[in-house]
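In the two complexes below, chain A is the common chain; its partner is chain B in one and chain C in the other.
Now for the complex of A and B:
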């Protein structure tokens, strides 16, 4: 056994070309399945959200102008935030940052939603990205006022 | 150089070319995975389709290599 190549020939594991190409194919399959899982999770969430009914969040007078309310919609695992930007203007978004799902918080002074994890900034007006690593805006909910109560529902594509 | 050694070297060159192409596709698939994780549903679906195309290309390249090896 030489010092430059300290592996004995009989102890070396031999990989055939076929085994190597099989490994490449299986790696590609694994990447595809991972992508399918991630995309499937997002599509499933979207489909499930579109099928949920509107939910009451709070009474209009419970939230002052410039204030906010936290709630969960459509399930207990989906944190959302309702903002009152003006007397008659309410907006609601998913509280999960579009980057890595940290909860965003409302800054009334700057009228922005801030992610404390990686300093992502979103506009409170429409949820679009202003700064930071997120590639897309916050998921918006449709807000309606019924008998002095604020209701939310998922935005449908149509 | 014997014909067997020459053939072996040729197959090694082909395998290197196939490997280079497959590695490029694998890196693209890895990037598509990162896109699908935090993209909007429509973009995630597009990433999934592209990843499927990549998988098909990898299998086509492997098939091409194995066919070349068999015919050699």
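Now for the complex of A and C:
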């Protein structure tokens, strides 16, 4: 008689120690592989971003002080935001909220970046978390001005 | 209560259908009888016989179920198909050597006699056995049957090369230790001219 289809009702719900251990082992392995895959994907994106060339976002005079510009860097799937906080001060962040990747929006009055999904607040000065569920700040980009144009480059963590 | 057993003596059946009516009244399957009253040879005689589930030790219905829906409990009772699993394929209907399971199209599920497990598990007799006026369906102690009846109970049935052992007993003539169901014995005798 096959173990998979027992005729006896008590065997139908019986779980052997071996089966239970197998279930625990395979489930743990699946969780580990899932986590490793997510970590590996993030690492790969970071490496790929570091190798991306600097990109031009806008001309300096296109963005007023207190204004912002949206762009995508390093790929078309990575929304970013460039802020002009003062005459000569530009900052750029990834627009993905560190919580669940909703796009953050700039509030010029409070000088904060707000996530509309769960009310996460980030400082526009350095991207750190002020309030809400995010555990880390926004990913910052390195901004440079070349010949009256704003260029961004991925900030390497070396 | 566990020393009580089910004994069927078709020769005592008077065809009153009290068992069928009693079965219909059960709350777990109200309005539908799970006992069949069969005519032995309708053209030749009015003799009937009640057919309840024999509750095989190794139930063919459960063995052939592709959906794992028929289960035998510790007390040896083979239950109706589980509603959540039965796919209504009728494999069990075809497999049962006694012709007990019936496919009910309105609920797309097999239903069969479960020896009133809700009653027998708490020491009560099955509905059919409580009403049978001729004791063709008898639920009681084996020694009582031996004391009261000339016939003797058997629970082994020979189907071709396969011996089927059951929980329910059938009363047969003294001296028999099993019932032989060779299909050739039940074929009409042909007269060659």
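Convention: the second predicted complex is superposed on the first by the 146 of 158 C-alpha atoms of A that agree within 3 Å, B and C clash if a C-alpha of one lies under 4 Å from a C-alpha of the other, contacts with A are read in each partner's own complex, and residues count from 1 in each chain.
Operating definition for what follows: a contact is a pair of C-beta atoms (placed from the backbone, for glycine too) under 8 Å apart; a residue touches a chain by one contact, two chains touch by 3 or more.
All values derive from a computational prediction rather than experimental measurement.
*Asks:* Answer with first, second, both or neither: which of chain B and chain C does A:131 touch in the superposed model?
*Replies:* So A:131 meets neither chain B nor chain C here.
*Asks:* So, A:34: does it touch chain B (first), chain C (second), both, or neither?
*Replies:* first
*Asks:* According to the stated criteria, A:99 is in contact with first (chain B), second (chain C), both, or neither; which is it?
*Replies:* In the superposition, A:99 contacts chain B only.
*Asks:* One more residue to check, A:21. First (chain B), second (chain C), both or neither?
*Replies:* Only chain B is touched by A:21; chain C is not.
*Asks:* Check the residue A:48 against both partner chains and state whether it touches chain B (first), chain C (second), both, or neither.
*Replies:* Neither partner.
*Asks:* Please name the chain, chain B or chain C, that touches the greater number of residues in chain A.
*Replies:* B
*Asks:* Name the residues of chain A shared by its contacts with chain B and its contacts with chain C.
*Replies:* No residue of chain A touches both chain B and chain C.
*Asks:* Quick check: in the complex, which residue numbers of chain A touch chain C?
*Replies:* Counting only chain A, the residues touching chain C are 1, 4-5, 7-10, 12.
*Asks:* Quick check: in the complex, which residue numbers of chain C touch chain A?
*Replies:* Spelled out, the residues of chain C in touch with chain A are 58-59, 62-63, 65, 68, 70-74, 79.
*Asks:* Spell out the part of chain A that touches chain B in their complex, as residue ranges.
*Replies:* That would be residues 17-18, 20-22, 24-25, 27-29, 31-32, 34-36, 38-40, 42-43, 45-46, 98-100, 134-136 of chain A.
*Asks:* Once bound in the complex, which stretches of chain B touch chain A?
*Replies:* Within the complex, chain B touches chain A at residues 11, 15, 18-19, 22, 25-26, 29-30, 32-33, 36-41, 44-45, 47-48, 51-52, 54-55, 58-59, 62, 65-66, 69.
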